[in-house]
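Mind looking over this structure? Questions follow.
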Amino acid sequence: MQISTETLLQSYRAMRTIRVFEERLHREFATGEIPGFVHLYCGEEASAVGVCANLTDQDTIASTHRGHGHCIAKGVDVGGMMAEIYGRKSGVCRGKGGSMHIADLSKGMLGANGIVGGGPPLICGAALSHKVLKDNGVAVAFFGDGASNEGTTLESLNLASVWQLPAVFVVEDNGYGEATGASYACAGNQKDRAAGFGMPYMECDGSDFFAVHDTARDAIDHARSGKGPVMLHVHLQRWYGHFEGDAMSYRAANEVADAKKNHDCLESFRTRVEQEKLLDLNALDEIDASVADEVESAVQAAKQAPWPEEADLMADVYVKI
Amino acid sequence: MTHALTALTMPKFGLAMTEGKLASWAFSPGDTVKEGDEVADIETSKITSGYESPASGILRKQVAQAGETLPVGALLGVVADADVSDADIEAFIASFKADTAEEGGEEAEAANTEPRLIKAGDHNLNVRDVGKGGSAPLLLIHGFGGDLSNWMLNQDVLARSHRVITFDLPGHGASSKDVGDGSVTALADAVSELLKALNISSAHVMGHSLGGGIALALLRDNPGVVASLTLVAPAGLGREVNAPALKDMVEADRTRDMQKALEALVHDKSLVGRKMADNVLKVRRLDGARDALRTIEASCFGNGQQSFDMRPVLDAARVPVTLFWGEEDEILPVTGAKNVPDSVTKHIMPKIGHMPQLEKTAELNRLVEAFLEKSHVTA
Amino acid sequence: MSKKSFRQAINEALRQEMRRDPTVVLMGEDVAGGQGGSSGVKDAWGGVLGVTKGLQTEFGESRVLDTPISEASYIGAAAGAAATGLRPVAELMFVDFVGCCLDQIMNQAAKFRYMFGGKARTPLVIRAMYGAGFNAAAQHSQALYPLFTHIPGLKVVVPSSPYEAKGLLIEAIRDDDPVIFLENKVMYDDEEEVPDEAYTIPFGEANLTREGNDVTIVAIGRMVGMANEAADRLAKQGISCTVLDPRTTSPLDEQTILECVEDTGRLVIVDESSPRCNMACDISALVAEQAFGALKAPIRRVVPPHTPVPFSTPLEKLYMPSAEKIEAAVKSIMMQKTPEVA
């Protein structure tokens, strides 16, 4: 099925925004102005965007510690995200969450998550909500190859299958759980794991937006139609370390360079739309310029935004005390 | 009383009471007490009330300590003449046993006098129907935010000579929570339905506060039903009402706030204990209870005033009417008592608040009994 | 109003809230039971101790969900469902099983609202059994309310009677924050008068089951009954006690505790949980900080020893607080003389 021009433009914009956002954070983090941990999504943009292009605000996603990409792909405000990462009161979480806890439930974004394997059980619950409330929604858990070994994930695959939930489990397999290779840490393979829980398995090249988009569409349609959960295995490479400051001494010298040269989702997108005459490249250049401006203003605004105050410390622990 | 030795025992305020707490002694051992003296304060889940000594003599021994919670009938102390020896007192205490046979009897009686739900029109009303006799049954209508336990110190006493019926108004106590538009007319309709359901064609009616207003509305709408009217600090005879106090009584959701709110009901604030507040809160917290009270409040006491005027009804009344009002009433000021015709027998009670039936129980019960007797003769 | 057991009171609260609000769903291991069994009988158990019996029959399999034995997934699912529009009541069976799903409670449900800057609501109730006295041994007998009380974002309810259980559970279900609701398994057959209608009891307000002048006894959950028994015995000996049931350990009604200690000048705390960092410690610290001047005697804690809960009956008896131990603790501080102030 042909992807609409509008969706293509939106998706390109989302991927470019993630790229620029993360690269800027990489530079800003080095200045020491950004507090805490930051885990960058560069190189994996097509996964979040390709999946989320098939979702609406009605659908729910749960993300990971490497969550900026999922947030942007699900439509969370970029300025608010940047302010949050800077710990400012104008952040989407009012400076209470930071990089690892960005959430916007009005967009169906159930939160980045500081706990590896934290998302899949939550997504079973979100999928149950969609099922009980009969709102036709789907719930999608993004998690890494590292989280695929968590008991919470395996329990969730089982529960989703037992309850026949409208859920999609997206394994974003970038080959590393922190500094340990998936080839060491993951026994067997994801396909057999899905089969073990009686759910369909689909896989795709995560540097190819079109591949992700179409495979995710099939997975999400399957779940939405009431046929139960699906595992979607996306093969990826991350361009930066586990977190900022990681020297990546566990990776071969040319691994990242090769990924950047041969597996850049933005470059392959441009090549494909040009070859197939799907979009005017000038329009993409305009998006690039607009995104650069947007991220620049987000950073400037975040740096100037006020800090939370003492009264904010005790606020929002409970809805009602 | 001429007994040389009299046991002071845990009294039973209303048949629902199974135990009470001896809150405090009013006399020390060796003090002389007269029959009718309030010798101790007894606290129940409903109210704190004075326990009147059944005999005159010397308080020879306090068997129970302040703070003890004891079953009804348990020995609290001994009153005896001076010439009774200490040994006799001790022997009396040692041999004292709460009369278990009688207790069993009381339990059997209690089973028959437990409140029960009665379908009255669209309402399910919680009704307690006790006693026999009298020219007509006596129906007691409690006030806004109250329930049938407001009459706990009156019903069983009056039931010695009459069939006496108490009930929870719609929206109150254990009754169903639909109050319609919450008007005094709608509530009077419910009372009328209740009388029909009980097959009562004529009743003496005693109403307290809003219940007084309801009694008057009943007289207006169903004149034939009301044999006589006893009004206790009734609504509908003036404009003024302590609306903030009523609001607090509805909305307070913490024990200490409710206790403070309830203190406005009585002149002697020590009558309102924490347990009484807890008990009111239990009823408030039933689903729909507060909404029902809010509806009644808006209809009957909207804009901080009493919204209905029953003076014309009272002026036109052809049945015997008597009125009780506490001079220190903080809810409906006693000035309302000026607005009644001379034919009404008025009892204005000094140093009493909005609830004479609890604060001046014995006197009110006696006067009501006499009034009913007289009404019977006139009728 | 009629006499109902602790078990019936809880069942009735769940039933009434499920009738009132279609977003209330139940989940847990064998909350119905019988799925996939060879008899074909569904709703076979209604909970391991029959507390949820009949609810699946009334509300169907879409709202009363049996789960695999898989606490992390379904407690996490309950948290996720709560954040996305349902009001789940998840049953953890024995609170000791929290070891299998603490992350979902501690790091997820409890923290959503704060982490997300006040933009999340997580109206989740987790019901679980707690307490010793059942010969259930070390992995099925703990009283873990201090663990949950320690975690900001959670509310923790420990009801002391059937009346309390029904009102507090309805309050918990209607509350928009995650609530841990702990039921003492020894109390399921306790009976008292419980209204037939739905009603609520607000969190954070202590209940005084006895009022006295000499000693304040703070007791939690099943300990309230023991404290009442001790207070009644002590009253006969001329020692009058206030018994304070906090109802919820989070929020804690600090004001009423302090007022009662101001009134009586003496404090005994009865806490069934392991003695280090438990509620007795917490309340002692509160009173030491804020009502030190009112104390006429040292604070006494009636708590179990710092051991796992033993299995054998005599050992478990030694382990548990009791009315006798409470009575002895009260007497021990009544004997202490107030230091003379020059």
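Labels A, B and C are assigned to the chains in the order they are written; within every chain, residues are numbered from 1.
One rule holds in what follows: a residue touches a chain if its C-beta (ideal position, glycine included) is under 8 Å from a C-beta of that chain, and two chains touch if they have at least 3 such contacts.
What you are looking at is a predicted structure, and each value in this text was computed from that prediction instead of being measured.
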item	value
Chain-level touch network, classified as line, ring, star, complete or other	line
Highest-count interface - the chain pair sharing the most C-beta contacts	A-C
Distance between chain centroids, defined by C-alpha means - chain B, chain C (Å)	37
Geometric centre distance via CA averages, chain C-chain A, whole Å	40
Chain A and chain B, separation of their C-alpha mean positions in angstrom	68
Chain C residues touching chain B - in the complex, by the definition given at the top	1, 167, 195, 197-202, 205, 207-208, 210-213, 232, 235-236, 238, 240-241
For the chain B and chain C complex, residues of the former touching the latter	21, 65-69, 174, 253-255, 274-275, 278, 282, 285-288
Chain C-touching residues of chain A, taken from the complex the two chains share	60, 62, 91-97, 101, 103-106, 110-111, 113-115, 118, 120-126, 128-133, 139, 151-152, 155-156, 158-159, 162-163, 315-321
List of chain C residues in touch with chain A within their complex	23, 25, 62-63, 65, 67-68, 70, 72-86, 88, 103-104, 107-108, 111-121, 152-153, 155, 175-177, 204, 251
